Structures are given as structure tokens and as C-alpha cells.
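Pasting the structures here.
Shared between the two complexes below is chain A, which has chain B as its partner in the first and chain C in the second.
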Partner chain A sequence: MVKPLLSVEEVEVSLQLPEGEFNALERISFSVYPNEVVGIVGESGCGKSLTSQAIMGILPKNAIIKQGKIIFQDDELTALSRKQWQQIRGSKLSMIFQEPMTSLNPVLTIGKQISEVLKQHTTLSKKDMKEKTISIMKEVGLPRAAQLWKAYPHQLSGGMRQRVVIAMALIGQPKLIIADEPTTALDVTIQAQIVELFKKIKQTRNMSMIFISHDWGVIHAICDRVLVMYAGRIVEQGSISKLLSSPKHPYTKSLIQSIPDGARRGQPLYTIPGTVPQLHVRHTGCPFADRCQFKIASCEQIFPHTYKFNEQTVTCHLYAKEKEVSL
Partner chain B sequence: MNKANRLPFYLGLSFVIVLLSMMFISLFYTPYEPNAIDPNNRLATPSLAHPFGTDNFGRDILSRVMVGTQTAFLIGTTTVMIGLSIGFILGACAGYFGGWLDELLMRFIDAMLAFPGILLAIMLIAVFEAGMKNTIIALGIMSIPAFARVIRSSFIQYKSYDFVKASIAKGAGAFHIILKHIFPNAISPILVVSSLSFSGSILAESGLSYLGLGVQPPDPSWGRMLKEAQPYIESAPWYVIIVGSIITIMVLGFNLLSDGLRDIQDRKA
Partner chain C sequence: MRYYLYKTSMFILTLVMVSLIIFFVFQLLPGNPAQIILGLDADEQQIRNLEQELGLERPATERYIDWIAGVFQGNLGESLRYQLPVSEVLADRIPVTMSLAVFSMLLTILVGFPLGILIARTDGKFISVFLSMITQLGISIPSFWFGFMLILLFSVILKWFPTFGYVPWSEDFFGALRAYFLPSLAIAISNIAVVIRYLRNTILDQKKMDYVRTATCKGLSERAILYRHVLRNAFIPVLTIIGLITADTLGGSIIIENVFALPGLGNLLIQSITSRDFPLVQSMVLYIAVIVLVINFMVDLLYKLIDPRISKRGEQL
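For the complex of A and B:
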């Protein structure tokens, strides 16, 4: 069996809020294998971004990893020193942010910002750096790369800026890229172009990706495997085709049901009633119980075990009769 | 609307440019030797030969005012440099790292602010000795809090921006982020404080020299000229008026400049 590139084991992250301390991520476990694209879906407030920040080690100050391990290649990330982190970030592990408008520094030129990674991690000459930067700019589809090298972010459109952000993440040739909703802030036509770019990157580059989104269309186009998160837990995971064709968890079912579908033209769109429970009202039972159509008595009190079906796992009481996985 | 807003900026800029060119000219040329005494021509009224008149020793006031610009600019630039460099280190560390370091540094700055500025300078000069060097040091220390506060607030603002997080995700260290990412963004507020502190320190120097605590003879200083002119305020009023106006123009010029800069910067934001 192939060794995973990244394995997240039983990670628990808690947030220090004025009202007290709350677990925002509970016992998150998953792996990312080489050359695999893993999607994370879920509503806002489910812990998708927190998961990616925990892996990058850029959690906000009031969030701490209470327990669990994050193993990347052979390093235990939660135990790294500042110096070790600086070596890993950008060269082996990098991140694409959601907002292309704010993730570029307005007073530095595009070229400087892309080549910054090379400056941190390599000893290339200025000329080589520029060459490499321009070739990566071409790779992500930025036209007139040589002129854009000297341009400032405000001179670029949103789509071009996102390409710059992607170039920044790619240039260090990392083994794993975490893309935190990279298409959410873009309009639909640009979104389609960026999705195409990600598909191309996936085919041509030898690396893995964690792709966070709440757009099933984007996830379907890019990802091999998907984790469905709800209220700080992974409730279901499996291959993208399995998840879309036979979702097991009621939450996944509802999410997929709420995708607009041409066959149901004229009917009102399906929405999941209610919202994700706030941190301070989460109880011991299944967090989805209040919004679930298939709720049974035990849902309110006991958090369900995780059950395994071939490559698909689901955390729900409805599957208690099936074979239980040891967790 | 647009033009009206920029008027103070251009007015201030032109004042500063006039004084700056006066200083450069005085480096190579003054109408008379600034310290040359002419007993026959004491307290002469302004004329073609002496546009600003002469003082109680018959020295040409125009030449002395011109040489005085050198002192003023020297004091202004050096105090700004001292205030800016120390204020930057304190403000950047406090703002970027936050937490207990921020508390500690800012309480220190608060303590400095609680001290009346000119009193601090007088105390330092009384302990050491009066003169150009100690005046500069005292005024430089006085200007640290203003810089530290403004720089700290910029750093607090910018450190939460995504591009800083993106830079951390690229493997950049704190030093790199402070200098390469946040500092260029904070330049415009720094410029505003610099020009304010520039005029403030020139004014403070004039005040100290007027009291005889600042620049000592033979270094020319506007503040001391004002003091020398005081006894003759009735017989030779132009002496006081000219020196006073020059100080006013300098201070007004830099204040207008910083006001204008702030307006331009606010509109941009």
C-alpha cells in the first residue's frame, strides 16, 4: 500500500472565545496520498478553513490544536519549530487563498511577489529567478508575462490575480497545495477558466492537493476523493463518483439534493432547513440531528460510530447494523 | 473640490522648497559673511544693500537667516531620523508581535508621552550640556512616541491582511514580512508623521535656543536670533518680525505639507 503524503490523525482544535473554550474541530482524521486531489465540502462554519489552517500552521491566535497528529512526509507538523516551518512552507507545502483581491500585497510588483518563494528557499541568481518566474506565469496562463512582471496587483483583473496567486503557490514545486475556496470569489466564467487551470495542473504536475469548496460542480471536476464536513467533524468520505451516486450520510444526501438540476426545472430548489449549530450549542449527540429527516432516538444523545463500506466511510446511526470500523 | 483639497499641500510644498533652496544657496553663497561685524552699520533698516537689515552688531540678517536654515534642516532631519528609526523598531515589534511585548512597549511609550516634551529636553540638556548635539538627541527622543504609535497602528492593521498570511504560507520570516511587506504599505502615514515631527522639532529647537539652552554661538540659530532681537523690538522691529516670520513659514510649510499628505492619503483609502 502507498504511504500517505499527509495524514491527519484524530486532530482536535479548540477556539478560545469570550464565552469560553469550544472544540471547533473534533477528531478529524484523513489522509492525502501522492498525486491525489482531496476535496473538502460543507457549509460555512463547518471547519473547512480551520482544517487547512491547522495543516499550514497558521491558525488564528485564539485557536489551539489540543490533540492529534498531523504527519506530512515524515515530519510531525504540530511539533515543528518556527525555523522548520519556514523551510517547509512554500517549498513542500503551500496554500492558495480565497480572496485574490487581498492575498496580494498592493505595493509590490507581481514579479517580486511570485519570486519571493524562490528567494526564501533557493540560492538562484536574479536572472534565473526571473526566468523561472516568467515560465511559471506562462504556465498558469498569464499573458504577456514579461510585462506583467513589473505590474502591480491593482492593474490586474480578479481572474488574473487568482492566476498570480496560483503561480505563487506552484513556483516552489510543493508536494501538497491547500486551496481554500480558490474559485468562490470569482464570477462564473472566470471560475470555469480557473477550474480548467486546476485540471491542467493536476495532470501535468506531480503533486497532491486539498481542495476546499462548497461547489459540487468544481469538486466533481477536480477531485478524486471528497470529505464531507459538518460542525467540525468529517461525517462522510469516499471517492467523488461514489459520493455523488450513492451518498450515505443524510447531510451528504441533502447537500447533493440541493444542487440545481435541469430535470427538476420549475420546482423550487431544495434547501436544508436550519443552520449549522453554533459552537456553544453543540451537544454530545450527532450535530446534524436537529436538521435530519431520518433522525432516530439515539441521534440526540450519542455521537455515532464510523462505518465503512468499501472505500466509503460514514458516521451515522442509520448504518449501525452494517460492519463497524474500529475507531 | 479636488483642487481645493490639494491647495494646502502645494502651498506647504512651495514654502518648503523656498526654504530648502535658501539652504542650498547658503552653502555656497551668502550676500555677506554671516558673522562679519560692521559697527558703523548697526540696526540698519532694510535696504537694497541689506534686504532684511542688520542686527545689533551690524551683521547682515539675510545672510544669518540663510545660514540658520542649515541648522534648522539639520536639526529637523536628524531628529526625524532618530525618532523614526527607534519609533519604527518599537512600533513594528509592538504591532506585529502583539501580546505582552506590545503591552510592555506601549506602556513605555505612554510613560514618555506623559512627560511634557520640552521639559524632557530641558532636563536632558541640564544634565549634559547645551549644544547642537544634545539638542538633537533630546528632540529625537521626544519624537519617538508619535512615530511608534502610528507605526504600531499600521502594523496592527496590515498584519491581519491575507497577503501577510500568504507570505507566511510561502515560508517568510517575521523580519522579512515587517520590512518587505508591511513597511511599504505604511509609508504614507509615516511620511505624515515625519513632516509634522520635522516642523515640531524646529519649533522646539527655536524655543530651546531662545531660552539659551539649544544651539550655542557661533552656530547660527533662528531661536537665538529671536532672543537677540528682543531688546530692540521698539527701535528695530523688522529684526523680530523677519526672524519670527521665517520660523512661522518653516513650521507652517511642513504642517501644511503633512495635512495635504494626509488628505491625499485619506482619499486614496
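For the complex of A and C:
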């Protein structure tokens, strides 16, 4: 069996809020294998971004990893010192953010911002750095790279800035890139171009990706495997084809049902009744119980086990009888 | 390039507006200038004589043009009190105020910037809280109190500096340096406190920006992020404050100049107002207005150097 590149084991993250301390991520476990693209889907506030921030070591000050391990290659990330983090970030592990408008420094040139990664992690000469930077800019589809080198972020469109951010994430040749909703802030035509770029990167580069999105179309185009998160838990995971063709968790089913579909044109779009429970009202049972149409007696009291099928795992009481194997 | 042209033309336009306003405000003062200069108990004849002397019987526009033409030739009229050309009176005073301003701005920047950065870097720790308290005091205590305390400590008790008085640079360089040090410090203290607090706040604000998170994800150290990314952005708003403080100190500090008995512009302004030295007051108001405009103009030019976004509608690539 192939050794995973990243394995997140039973990670629990709590948030310190004025109302008290609440668990925002509960016992999150998943792996990312070499050359694999793993998608994370879920509604806003389900913990997608918190998961990526925990892996990247950039959790907000009021969030603490209470327990669990995050193992990347041979390093236990939760135990790294500041110095060790600086060596890993940008060179082995990098991240792409949602907001291309604000994620670049407005007063530094594009060239300087991209080549800064090389300056930090390599001992290349200035000339080599510039050459490498320009070649990566061409790779991510930035036209007239030599001219753009001297440009400032405000002179670029949103799509071009996102390409700059992607170039910055790629240039250190990391083993894993975390992309946190990289297409959400862009308009639709640009979104399609950026998705194409990610597909190309996936084919040509020898690396893995965690791709966070709430857009099933984007997830379907890029990801091999998907995690479905709800209220700080992973409720289902499996290959993208399995999840789309035979979703098991009632939440996944509802999510897929609410994807707009040409065949149902004219009919009202399905929406899941209710909202994600607030952090401070989460109880011991299944967090989806209140909105679930298949709810049974035990759902409100007991948190379900995780049941394993071929290429899928699901955390739901409905599958207790079908499968004995629990994790 | 267009930015510079735009700013320069705005600068000249404002200058013209300001000179017009200054001139006509002095014309619009209730009563006539001769009456104001001479006071209430002057008789008709005296007023008429002075009117003649000042050329007040001519139309205002003509007098405005004369005044401006005079300004360009260095002729600002004659001071009534000193019986000397205004330009000579000012030339005596400007070096004093200028020295104080340059000295206190140097102190402000050399002390304020490092401490502002330090206090932002150590945010939340004891040293930061302690320094913040001190800056609060620096802002709330008036500068004349600092002036007196500095005199008491350094001049009376320690005898390191002269109590007051003034030595021209040309006479005794080190003597002048010593004479200017305490008053400059007294002016600088509250400015330093303002700069520290302002710099701290903008640095902490900038640290919350998304580009800092991006820089962290590149593997940069906190130090590199601060010096390479944050500071340049933080300097943009701080520059505004520095401009305001500079213009303010160049206008002369009335209180500090009086506390240390320095013959600067602040001192002169008070004297010229109380002695109704109308040509002198008018010239000083013009001087202060020009200083403020020039500093603002320079700040605008510096903005452009730090912040590339400023070029109006930069060419899209």
C-alpha cells in the first residue's frame, strides 16, 4: 500500500469565543496520497477553511488544536517550531487563497512577490530566479511575463491576480498545495479558465492537492476523492464518481440534489431545510439530525460510527445494520 | 508623469487661492486697516496719513497685484514696529524656527519609528503595554510642561544645557546645538508619542491583511514579513501624520519659543499681532500657508514613491 503524503488523524480544533470555548472541528481524519487531488465540500461554517488552516499552521489566534496529529511526509506538523514551519511552507506545502484581490501585497511588484519564494528557499542567483519566475508565470498562463514582472497587483484583473497567486504556490515545487476556494471570488468565465489551469497543473505536475469548494462542478472537474464536511465533522468521503452516483449520507444526498440540473429546468431548486447549527448549540448526537428527513430515534442522542464501504466511508446511523466494520 | 503634472498645477492653483484669501480677508476686516493699525484713539489726520502711506486709496485688485509682484521680488513691505523691511525681519527669525523644526523632526523620526515598530512587534507583552502608557502621557501633557521639566532637570540640576537663550549657528556650532537641543526635545516629545501610536496601530492593522497570510505561507519569517511587506504599507498613512507635524513645527512653536526665549517665528507672530504690525502679520500668514502647501505637495510626491496605486488610473497591462 502507498504511504500517504498527508494524514490527518483525529484532529480536534476548538475556538475561543466570547461566549466560551467550542469545538469547531471534531475528530477529523483523512489522508492525501501522492498525486491525488482531494476535494472538501460543505456549507459555509462547516470547518473547511479551518481544516486547511490547521494543516498549514495558520490557524487564527483564538483557535487551538486540542488533539490529534497531522503528519506530512515524515513531519508531525502540530509539533513544528517556527523555524521548521518556515522551511516547509512555500517549499513543500503551499496554499492558494480565495481572495485574489487582497492576497497580494499592493506595494510590491509581481515579479518580486513570486520570486520571493525562491529567495527564501533556494540559493539561486538573481538571474536564475528571474528566469524561473518568468517561466512559471508563462506556465500559469500569464501573458507577457517579462512585462508583468514589473507590474503591481492593482494593474491586473482578478483572474490574472489569481494566476499570480497560483504561480507563487507552484514555484517552490511543493508536494502538496491547499487551494481554499480559489475560484469562488472570480466571475464565471474566469472561473472556467482557472479550473482548466488546475486540471493542467494536475496532469503536468507531480504533486497532490487539497481543493476546497462548495461548487460540485469544480470539484468534479478536478478532484479524485471528496470529503463532505458538516458542522465540523467529516460525514462522508469517497471517490468523486461514487459520491455523485451513489451518495450515502443524507446530507451528501441533499447537497447533490440541490445542484442545478438542466433536466429539471423550470422546477424549483431543491434546498436543504434549516441552517447549519451554530457552534454553541451543537449537541452530542448527529449534527445533521435536525435537518435530516431520514432521522431515527438514536440520531439526536448518539453520534454515529463511521461505516466503511468499498471506496466510501459514511458517518450515519442508517448504515449500522448494513455494515459491521466501523472505524 | 501625469500625476506630477496634476499635483503641480493643483499646488499652484491653491497657492493663488490662498494668497487671494489672505489679501482680501485683511481688506475685509471691519473698519479700515489704518484704523486697526492705529487703534481707536487715533485722529482723522493720522488715519488719512497712514492710508496714504499704505496706498489704501487705490483699488484692491491693483494693490493685490502689487503685493504679489512684491512677494516675488522679495519685497513684503515694511514692518511698522521694527521700521525694517518685513523680509529682513523674517530672515532673522526663520533660521531659528527652521533649526528647531529640523532638529525636532529628526528626533521624532529617529525615536518614533524604531519605538513604534518595537511596540507593534511586542504587542500584548509587558514592554508594549508600558510604552503605550508612556505615549499616552506624551500626548496628553502639554509641551510647555515638558519644556519646564527639561530645563529643571538638564539645565538647573544637571547643568548640561543652557537654561534659555540662543546662539546663532555661525557663531558657535556646538553652542547652537546645545541651545536647540532642549526646546527641540520639548517639541518632539508629543510628536514622538503621536508617531509611535500611529505607527503601532497601522502596523497592527496591516498585519491582519490577507497579503501577510500569503507571505506567511511562502515560508517567510515574521521579521521578513514585517520589514519587507508590512512596513511599506504602514508608512503610507504615517506619512500623512509626518507631513502635518512638519508643517506645524515649521510654522513656529509659540509656546516653546517663549519658554526658552528663542527669537523664532512663533514669538514674532505673537508680537506682530499685539503690536498691530499689519504688513508683518499678513506676510507671516502667507508664509505659514505656503509652508503647509509645500509640505503637502512634498507628501503627495512621496506617496507616489511608496504607493504604486496612486498614479491616477495606472496603465492596465
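Convention: the second predicted complex is superposed on the first by the 324 of 327 C-alpha atoms of A that agree within 3 Å, B and C clash if a C-alpha of one lies under 4 Å from a C-alpha of the other, contacts with A are read in each partner's own complex, and residues count from 1 in each chain.
By our rule, a residue touches a chain if its C-beta (ideal position, glycine included) is under 8 Å from a C-beta of that chain, and two chains touch if they have at least 3 such contacts.
Predicted, not measured: the structure shown is a model, and the values here were computed from it.
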Superposition on chain A - do chain B and chain C clash or fit: clash
Contacts of A:62 with chain B and chain C, given as first, second, both or neither: neither
First, second, both or neither for A:91, with chain B first and chain C second: both
Which superposed partner A:107 touches (first chain B, second chain C, both, neither): both
Partner chain in contact with A:165 - chain B first, chain C second, else both or neither: both
First, second, both or neither for A:258, with chain B first and chain C second: neither
Touching partner for A:241 - first (chain B), second (chain C), both, neither: neither
More chain A residues in contact - chain B or chain C: C
Location of chain C clashes with chain B - one stretch out of 37-45, 181-189 or 271-279: 181-189
Footprint overlap on chain A, comparing chain B with chain C: 56, 58, 82, 85-91, 94-95, 97, 99, 102-108, 116-117, 120-121, 165, 168, 172
Residues of chain A that touch chain C when the two form their complex: 56, 58, 82, 85-91, 94-95, 97, 99, 102-108, 116-117, 120-121, 144, 147-148, 151-152, 154-156, 165, 168-169, 172
Residue ranges of chain C touching chain A (in the complex, touch as defined): 209-211, 213-222, 224, 228-229, 232-233, 236, 306-309, 314-317
For the chain B and chain A complex, residues of the former touching the latter: 98, 161-163, 165-173, 176, 180-181, 184-185, 187
For the chain A and chain B complex, residues of the former touching the latter: 56, 58, 61, 82, 85-91, 94-95, 97, 99, 102-108, 116-117, 120-121, 165, 168, 172
